[in-house]
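One chain, chain A, appears in both complexes that follow, with chain B as partner in the first and chain C in the second.
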Partner chain A sequence: MNQGPADRPDRLQEALSQLPRGIEPGRDLWPGIAARLEPRSEPARVRAVPRWAWAAAAATVLVVASSIVTATLMRREAAMTARTAPTAQSAPEVVQAVAGSATAAFGPGHRVGPAYLANRRVLARELEVRLARLPPEGREQLAKNIAELRRASAEINAALELHPGDPLLEELLFNIYQDEISVLANVDRLTAADTKTAPTRIPL
Partner chain B sequence: MNEHGIESEFERARRAADERALVDSAQGGSTAAFETLYRNHVGKVYGLCLRMTANRATAEDCTQEAFIQAWRSLPSFQNRSAFGTWLHRIAVNAVLAQGRKRRERLGADASADEDAERLPHPDSGDDGGVLDLERAIAMLPAGARQVLVLVGLCGHSHEEAAAMLGLAVGTCKSQLHRARQMLAERLAVPEGQP
Partner chain C sequence: MKTRLLTDRAGSGTHRLLAVALAAVAPAALAGTPINQRAAADPAGQVEISNISGSVAVTGWDRNEVEVRGELGDGTEKLEFSRTGQLTRVKVIMPKRSSHVEGTDLIVKVPAGSSIAVNTVSADLNVRDVRGAQRLQSVSGDIQTGVASEDLECKTVSGNVRVTGSGQRSLTTVMTVSGDAALERVAGEVNGNTVSGDLTVSMGETSRSRLRSTSGDLVVNGRLADDARLDFESMSGDVRVALAEPVSAEFDVSSFNGEISNCFGPKPVRTDEYAPGTELRFRQGAGGARVRIKTFNGDVQLCNK
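Our next item is the complex of A and B:
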């Protein structure tokens, strides 16, 4: 294969390639690092997520879109439920999906906060009861929504492994977890006759 | 290494296995294992940070931050990439985060006080040509220098470097072209000549 002039390695590139990759620092940096290493046994704390304006705007779109879709779906399903007799059939696949994601991490080295996990557990327990009032199609749609959120959170967690500490990825993950809570809270709200409270943002 | 200085497949595999064991131990909380990982990789991390920042003190800070971030992130490291590759990404992020903080703190004059230390480390090579090249790289504008380090030295593609630096691929290419032109002028190397 012929090499064009642009493909030929030039002298500058050759000189660059001969530079040593490593340069030893002038002093030992380890003591300063060792002093700041947290013991592994302590649970890592969730860091404050930086509030990038555009990321926040994207998050708002996500939450609003998710809430509108879920609310519309649930209202339609609630109306269908009113027309049909309540079924005793539960939706183990949906509850399992929620319970299974309870081990979600908040990126490398971080875990979701206890308040978030506690709220999620409560919602997951309530979900089983509430789901019995939904028709099978509603449960299936809900399972799809939750599976989609879990898939997205898994992908972002994988990306965070490659780009640890990336504030944008952390922000997106934060909002996906909040979306999941919003979906669960909407199910809870829309299937409960006596509850009118809107879903709230829960600290992770 | 064999007699020709070439690492055999066996040696490479053994080294990878040793590193995997160190990573496993460090994930379990062993700071001794993590210190060994630090000793094995600090040269490359510091070299990257020094060349990207062109400032020794800043490079030391970034190196420390990179290893601290690596320790925090280790529990979720799943060996999908080599530890060194993963650490390299962390170091790049540490340099970029440090640059953002510096710009926020100092505004547009962020690079004004860097010149005093814009010299390569004395241990970076004893060859006059190498030292000249290191010096010339250090004197490049920050944007051009970072692209040159990531693409020209570390071998990243323009797409990878652009993603890491938050640039358009076209900007990345033009920054590299600019860096190469400036280096060629400073070193009197005819740019693009074989």
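Our next item is the complex of A and C:
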């Protein structure tokens, strides 16, 4: 005998309530899922690489550029030293390395203020006359150490690209820029016939 | 500050009017011309010495006069030796144009209480027994001096600096570009700055110190005053600090890429799960003093001794 339509919902409900609420898989499925998820995470890493690569590339370019300038200057210095006593002609070349036209960054998207760059240029111009009074090894040491300061600031800038806002990096970078001005000002004083005041602390 | 002190005392109109040129000697181009000059001087006056190359030796003595001996280098124009009020000036004058000038060796004796300011380019500089303030500068010459309780300021580009203190409190400031600096038995306030030179400092009781380096190492042995403030910073150079017991200080040490080791016990921790920096903050004893060390790539070693 067939059941009437009115009986079906109750029986269906009853049958449904007998069903288990969950079914445990016969095997551990996670390794398979993880294996399929793994390749999806790769593109995320790949996406991170360009940012790092850009920062590293920028730092490398800065380091290589300053190294080339330093090496060129040192070769010229050595050639001049071998040829004759030091002359004033080499001073502008050192000034070019010391002052440079390089911009000074302060982490991603920030540039050091124009007052700093202007003061650096002024100090470099004053140095040009006085550098001629330095012995060749003094000029060489100065160029090497300015390159050292530039390399340090490039390294910290590259790190700031990866970790913007890091207070330690910002403090170190701030101080390295001040050190560069301080070195230029001190050399300016040391080579001056008379002691004039040159700025040693410049607002960034 | 020291410059102003010299200028103020020497700059009065009366003294300028009374200025006496004691000597302007030694015609040019005399090879190895002997120097032997002497003049009365204020026992606590100022002495300025300038010599491009050769050597300068300054010694404090108990007489109220300045004596200059030595040898004027071949090709030098003359030696200026003058007194203006409390200021005595010793200056080797170079010719305007010269292809070859020999270095001049100066041996200068000054009243022990004098303040001195010495400028050289490549001449080495040696100072002994001067109790007044000292301002010593050389581009590539080495500087060696002793310091008592007055201020000392040494600046060089590539020259090395050696300072021997007396353990008395004073203000000592050393700046080099590539030269190394070694300071012994200095106390009070000690400041140093270098690019690639190493700074080695042995401090007596120190209340203030600020040492900075770009690639040179900072090595410090010292005893902290109760309220001392030490601030050391390096980019790629290592920082090694050894402090005499008992140590009562708060330490704040951070390095971005360098390793931090600590003999006092507490271990450094990562500043960020995803960044390479580490930091170490702890208090030793009552913590009256403050020691702050920051590096970029340089390692930090903190120890008691």
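One rule holds for everything that comes next: the second predicted complex is superposed on the first by the 106 of 204 C-alpha atoms of A that agree within 3 Å, B and C clash if a C-alpha of one lies under 4 Å from a C-alpha of the other, contacts with A are read in each partner's own complex, and residues count from 1 in each chain.
Heads up, the rule we're going with is that contacts are C-beta pairs under 8 Å (C-beta built on N, C-alpha and C of every residue); 3 or more make two chains touch, one makes a residue touch a chain.
For clarity, every value in this text was computed on a predicted model and none was experimentally measured.
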Which superposed partner A:160 touches (first chain B, second chain C, both, neither): first
Chain B versus chain C as contact partner of A:152, first or second or both or neither: second
In the superposition, chain B vs chain C on chain A residues touched: B
Touching partner for A:123 - first (chain B), second (chain C), both, neither: neither
Chain B versus chain C as contact partner of A:176, first or second or both or neither: second
Which of chain B and chain C A:135 touches, first, second, both or neither: second
Which of chain B and chain C A:143 touches, first, second, both or neither: neither
Shared contact residues on chain A - chain B and chain C: 162-163, 166
Residue numbers on chain A that touch chain B, as the complex places them: 5-6, 8-13, 15-16, 18-27, 29-30, 32-34, 36-41, 44, 105, 107-109, 157-158, 160-166
Residue numbers on chain B that touch chain A, as the complex places them: 27-29, 31, 34-35, 38-39, 42-44, 46-47, 50-51, 56, 59-60, 63-64, 67-78, 80-81, 86, 89-90, 93, 97, 120-121, 123-125, 129-130, 133-134, 148, 152-154, 180, 183-184, 187, 189-194
Partner chain C, residues of chain A touching it in the complex: 85, 133-135, 137-138, 141-142, 144-145, 148-149, 152, 155-156, 159, 162-163, 166, 168-169, 171-172, 175-176, 179, 182-183, 186-187, 189-191, 195
Chain A contact footprint on chain C (complex, rising order): 3, 99-100, 119, 121-122, 137-140, 155-158, 175, 177-178, 193, 195-196, 212, 214-215, 233, 235-236, 254, 256, 271-272, 275, 277, 294, 296-297
